[in-house]
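Mind having a look at this structure? Questions to follow.
Order of writing sets the labels: A, B, C and D. Residues in every chain begin at 1.
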Amino acid sequence: MTALLTIDDLRLRYPGRGFRSASPEVLRGISLEIAPGETLGLVGESGSGKTTLGRAVLGLANPTGGSITFQGEDITRLSQKQRRPLAKRLQVIFQDPYTSLNPVLQISEILSEPIVAQGVSAADSRKTVSRLLDQVGLPSNAAQRYPREFSGGQRQRVAIARALALEPRLIVCDEPVSALDLSTQARVLDLLVDIQRNTGVSYLFITHDLSVVRHISHRVAVMYKGELVETGPVAEVTTTPQHEYTRSLLLSAPTADPDLQRERRALRRRLREAAA
Amino acid sequence: MTTTEIDNIAAVSAPEKKRSGVIRRLLKKPLGLISLIVLIVIVLLGVFAQFFSAHDATFTSLQVVNAPPGTPGYILGADQNGRDIWARILVSINVSVISGLIGAGVATLVGTLFGLLAGYVGKKTDAITSWTFNLLMTFPALVLVLVLSPVTGGAYQATMFIFGLFLAPSTYRLVRNLVVGVKNELYVDAARVSGLSNRRILSRHVLYVVRGPIIISVSFLATAAIGIQSGLAFLGVGSTLTPSFGSMTSDAFINVYSYPLQLVWPSVVQALLTSALILLGNAYRDALTDAERPTRAERRAAASAAATRTRMVRARTAGAPDVSSARSLLTVRNLSVGYAQTDGVLKSVVDGVSLDVAPGEIVGLVGESGSGKTQTAFSILGLLPPEAQVEADVLTIAGDSLVAKDSRELRKMRGSVIAYIPQEPMSNLDPSFTIGSQLVEGLMAGMSRKEAKATILQLLARVGIADPERTFASYPHQISGGMAQRVLIAGAVASRPKLLIADEPTTALDVTIQAEILDLLRDLQGELGMGVLLVTHNFGVVADLCDRVVVMRNGQVVETGKVRAIFHEPAHEYTQQLIASILDENTVRTDPAPHSDMRELEETK
Amino acid sequence: MIVYILRRLGAGLVLVFIVTAITFFLTHAANIPVANNILGAGATQDQVAALNAKLGLDQPIIEQYINWLVGVLHGDLGISYFTSEPVASGIAARLPVTLSVVVVSLIFTLVLSVILGVAAASKRGPLDVVLQGIATLSFIFPAILLGIILVYVFAITLQIVPAVGYTSLAESPSGWFASIILPAIVLSIAGIASLAAQIRGSLIDELGRDYVRTLRSRGISDMSILLKHALRNASGPAFTTFSLLFISLFGSALFIEKIFALPGFGTYAYQATIQGDLPVMLGVTLFSVLLVVIVNLIVDLVSGWLNPKVRVS
Amino acid sequence: MKYTHGLRAAAAAAGAVLLLAGCSAPSSSPSSAAPQTLNLSIQAPPTNFTVGDWSGGDSTLFTSVYDSILKTNVKGEATPGIAESWSYSPDKLVLTLKIRTGQKFSDGEPVDAAAVVASLKQTMKEPSYSAQLATISDVTAPDATTAVITLKTPDASLLSKLGGVQGGVGAPKVLTAKSSSLDPVGSGPYTLDKSATTAGSVYTLKRNPGNWDASSYPFETVKIRVIQDPTASQNALKTGQLDFGGVNPDQVSQFPKSQFTTGTSLPQAVGAIWLADRDGKIVPALKDVRVRQAINMAVDRSSIATKLVAGAHGTEQLVSPTGAAYSADLDKTYPFDVDGAKKLMAEAGYADGFSVKMPSTVVSQAYDATIAQELGAIGIKVTYDTVPFQDFFAKVYGGTYGLYFMYNGFSGDDASDLNGSTSGAFNPYGTTTPELTELLAKANAAPADKQGAAFGAVNKYLVDQAWAAPILSSTGPWVTTSRIKYTPPVTPSLNLLPFGVAASN
């Protein structure tokens, strides 16, 4: 299998405040691959480094070691200018639909901006905008509105449309549904799966929610304290976890069934008492 | 896309249809409109000075020296040199306006340009420019102006140019800090990922967003520049023959005891000019905040307790039936919460809610965002902002009615009978005080400081904090989110409340921590026999903790029932819909990644 | 902590070095005929040259600056060209005057703006509007007019304070206070408005924060929340304004000194600059930069103390 | 005070005037109820106290710490000082001074003829006074109580100069020492109290009971503040922080009779546009006498004197109206006549006028606009440079300006007035004519009874030649607190003799 994205021994340490003060490493040698059309779910608790990994792929954080290869091209350390052509192939959907859309721009401006930046005429970009709105299930009159006029789920659709504008090969999804309501969450996930089926785009899907991961991922990678502790097909990892951390993660997530949850709680308590 | 969401768009956007711009909003404010008119009138008087005055501003007539106001041809009188005060005021307006324009213009241009660069480009640029602007701030500007006066010839325009540079640091700081804030916004990241050039990001995203505060600062800079010019002229720096408010004041100051009015005229006009500028700036800021308010309101819908006053709960009707049973810990009947809109219409967010919590019972209050669940919880706690209009037939805790209680009585209840656990652990601790001191404060009413400390240390140990002494002395930023939530729980149960209201107590936490906190809550509830009202949108949490569930939607209760019943046999359509959207643990994505096709595609490239 | 203070002071010294250098070279560029100004009476070329030699003005510019720096390191700031007074004693005599006025004025400003800001933030509505009106009015009210009114009422009519001049604190504390009270009030007037607005704004922000609600949920009194918790957290941004205020008040002291005939630092600096009295200009520059550095350091230390997060370890 | 008072500059030590000076102080010793402190103000601080180097406004400070060879009393007469008597040789070229014995400098050294010689020689050397003492060829001290001044040409104003700053005598040991600039060692009626003095802002004088004339100076302490702002000094006067000040006529009523004494000063100074560049070095037009005359005709003296400066009189002469050289007829030489002035300008070849730069100082500020306008009416376009007063004379000597407005304080004698008007700051380019030189020489050498007429001829010549454009001679009201007895002097701001203690009722 030819990987679309290959991450090899990626390390990252944020610059310290003083001259020599070093902060702890956030990424400690991460290696993973994403195939074309595949969704890789990246799970971990806050501070595990999963968001940093996504930002490193997007060029928003600077790795201190290792490499990121995208479609055969080393994109580990590109200048902003070198990175610009990459926008056509690599896109992002952020967690917070409230801050990922510029509040003072109309939806049409938000959506046409990446297209125009690639040199497409304004008239053509208008057509693309209405196609995109249709694709994410928003009415075409949404183009003339501002982000604040939409609900969270609708905004996240706008963010998805923006990511799709340039027909990318990989979209980094950083917790795209965690800020959404339950019913909206399911619909947005369905939309993402549909889009993947239609376009063959790959997702690096970052989340802390195991049920979301199950829903959308082909494969799952589990991060813990800057390291990858377990990788594998979603069914395997979520049913027969190998790593202890993955196990505790699975047991900790409360399930939406009072009786099942009581069992899980008891199991967890036993495990903890055994450990102690 | 469901039809409900499309409906929502229409519904939400309806009042927004006539989306008035900031300028229009500004003109709608009486203060904004008046100050704008005053400003325009003053500026026009200056621009067309020669049409409004009978004499040249520098023309002296010895016949009218110190003539009183009303002298023919000299409306405001003449000064000590026999010059027309009115004519001089008109010319002074021009000098002031030009000074304001130059000073504020230079400061804004320089400050904005370098502020953008420093905030956006990187740490090194930031360090260098910040250092340079700090230098500018320490530099004695007057020295430079005087030293350079042979070069500038004392022309006030050149002087104001120099002072513009010295005013620039304030704009620089403002813009830089705004940009640093905006730079970390996700939409700027998104723009970068979208392949936008730095210039485009700066001009379109960053500058566009920070322009409001810059425009406001311009009004202050202009006043400052006008003040500086008149101050310098008062001191006699520069040409003394150019009429300006400062030189007029200086002339009049000499004669203040003989002709005090001569001092009043320039002062009044200058004050009018500057106050119009400032009030216009203020009105613009208000217009800008108004424009931003909807987004903020949404983001902080629950957190808008921007007041220390407590909202009293009003009885809906006199003699409402007392349905609170002796067994019930919390009884709520027909509770509504509304907020008056700017157009005077009351917008209801909670509408006729009734619910009960029995002693020792955990009741889940479930609903999506905007369902009114948090507003319901806060109205029970008496923590809604004063704008809220709260009414209820019955609102009783442990047999004690909250209706018509004043804020002091409510506060007493909050300290003892009823307690609260918030959602976001970090933001709910005062960053400036140690954990211990904030927790002790709540107990000080009933016991000595020593006792309170002992109680809190004991509690900290009880909520699972390994080193209570150390945590007691720590500041909030020194502990983790999970610890902070334990601290808040300790704070809530410190007074051994009968009713605990928890607002999404685990939403901000990682799943592993969430599980521990849930365990802790259950244990404490068992020990203390508290009734708990648990506000949440997480059905996993509901399943874990709750005995009964109240489902809310659009401010109303749609269904109430035992936890199993809700999960297994939801009666209401909405509840069914909610239960159905729960991502099933058993469905795992099985369709294979279509990488085979893609590989072919890759290979043909 | 001490390392931090020393480092900041070190950075301040670099700033002093650069700012005085700029002043020095700009003054030279402006080419003020110092010798002619001093000698006056149709001085001959020879006399001018002799005086220039005496003042060291015939040396290369760089050397003159280095000489000055060396002098400063030995504690010698030079002698005024015009009043023959050693610059150090000149500053020592005048700085306390201006500092007295500025510091007392800052205390007024602080106290009044906290009262106004807290009142406006906690009692929103009509009172807020009235307070804002007062604040705006005070901002635009001409200081000169206020000065003359105060002098007329308190000095001339009531005769409870002097109209001009300065009495040193050592000489008579009550005389000192009487001699600076009016100037300090006049100087305060503009700052109160901006600082009160600042405090009001950050207090309103602070009162909207989550922890305020949590504190209330524990039954803590409104007064304690407002004055102990919210005010302390709101004071951070206000303190930054405070340091800017100090700088601006120090600058505007010149006008006050004129009206009240105070022998202060501003007048000293102004006269020196007009005449091209280079040693005084440099001394004045040095001290004003140092003052700004120290005030900024104090403000940072205080706001560090107020905000445990940025507290220097 | 609104600069209505004159500016003493006859001795080049010019400055803004707040004080008037004179003599005939009460010789009675101060009563026990006498005020201990006299509070005065000056507008500009002195640059230093070194003998011969004194410049800056008011000379009261200098003449208080240094005794002078002679003294000038309130009537403007030369009276004994360090020299208890003096005599001229018949040819008026040798002045012999008999030095008083028993006087001591504040460092304990005796005041003798050698000190007098050293001080006078020092003053002659310094640029500030060298021009004014240029008539002196030598000074010698044949013995400890005799000093002899030899002159190149007779100088009728010499005695007056020796009674002023130029006659100041300091201790020879520290005469030129650096310390003397702030720490004067003299034998005057007062000593400088350094502990209560801040150079540039407050000067405190302590009475020197050892001075031979101590009884003329009843105040234990004299505190002299530098107050630049006229309103501030008026405030200080009203609150009693100052004991003396000049005010505008319309302000007199603000000082209640119960607390203040008021009066009107003698003519103190002449305010004139000094047409200094009579050789046309930087303003060629001024070389032409017709241009200078045109300027004289363009100025509306009587209006300026009555409207701009209440209480002044228009004048066309540089001498005091109280002196013998003054002639009322001369004030009709150049009546206000714009057309006539224009005609003269055209005749001189300046029909289109010309542009000049003038300095604008605190002293001239009140007149600047009017002067610019009136000169503008005959085609002379005036632009102003703002010049701080301290720099004014330096700039003028530096030859920066062809013409400027300034006051020249009257000295009490025609000789000083006219010698002063033709030298120093009022003749920075040193212009002269053979006729003037001759007229001056004749007048200076004239016997006392003929001097009035002789200087009258000089005066007439200066008026005819439009040497300057005099505008007004100023008098003005003064105010003192009622505990002070003030005697308006002929020569203002010279010394503390006009100040005495009011008789208590």
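To be clear about the criterion, a residue touches a chain if its C-beta (ideal position, glycine included) is under 8 Å from a C-beta of that chain, and two chains touch if they have at least 3 such contacts.
Predicted model, so just to flag it, every value in this text is computed and none were measured.
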item: Centroid comparison with chain D (C-alpha atoms), farthest chain; value: A
item: Middle chain, criterion being Cα centroid separation; value: C
item: Which of B-D and C-D has more C-beta pairs touching across its chains; value: C-D
item: Chain B-chain D separation of Cα centroids, rounded to whole Å; value: 68
item: Where chain A and chain D are represented by their mean Cα positions, the distance between them in whole Å; value: 90
item: Rounded Å distance, chain C centre to chain D centre (Cα mean); value: 40
item: Rounded Å distance between chain B and chain C, as computed from the means of their C-alpha atoms; value: 32
item: Residues of chain D whose C-beta touches two or more other chains; value: 229, 231
item: Contacts with 2+ other chains: residues of chain B; value: 253, 256
item: Multi-chain contact residues (two or more partners), chain C; value: 148, 258, 274
item: Which pairs of chains touch, using the document's own definition; value: A-B, B-C, B-D, C-D
item: Residue ranges of chain B touching chain A (in the complex, touch as defined); value: 1-2, 5-6, 8-9, 12-13, 16, 19, 185-187, 189-198, 200, 204-205, 208-209, 292, 294-295, 298-299, 368-369, 481, 510-515, 518-519, 537-544, 563-564, 567, 577-579, 581-585, 587-595, 597-599, 601-603
item: Of chain D, residues touching chain C in the complex; value: 12, 45-48, 50, 55, 126-131, 178, 181-182, 198-202, 225-229, 231-233, 235-236, 238-241, 388, 390-391, 393-395, 397-398, 424-425, 428, 430
item: In the complex, chain A residues that touch chain B; value: 1-2, 4, 35-39, 45-46, 55, 58-60, 71, 80-81, 83-88, 90-92, 94-96, 98-105, 113-114, 117-118, 136-139, 142, 145-154, 157, 159, 162, 165-166, 181-187, 189, 193, 197, 200, 202, 208-212, 214-218, 234-235, 238-239, 248-249, 251-261, 265, 268-269
item: Residue ranges of chain C in contact with chain B within the complex; value: 15, 18-19, 22-23, 26-27, 30-32, 122, 124, 132, 136-137, 139-142, 144-145, 148, 204, 207-222, 224-226, 229-230, 232-233, 244, 247, 251-252, 254-255, 258, 269-270, 273-274, 281, 284-285, 288-289, 292-293, 306-309
item: Contact set on chain C toward chain D in their complex; value: 33, 36-44, 47, 82-85, 90, 93-94, 148, 151, 155-156, 159, 162-165, 258-261, 263, 268, 271, 274-275
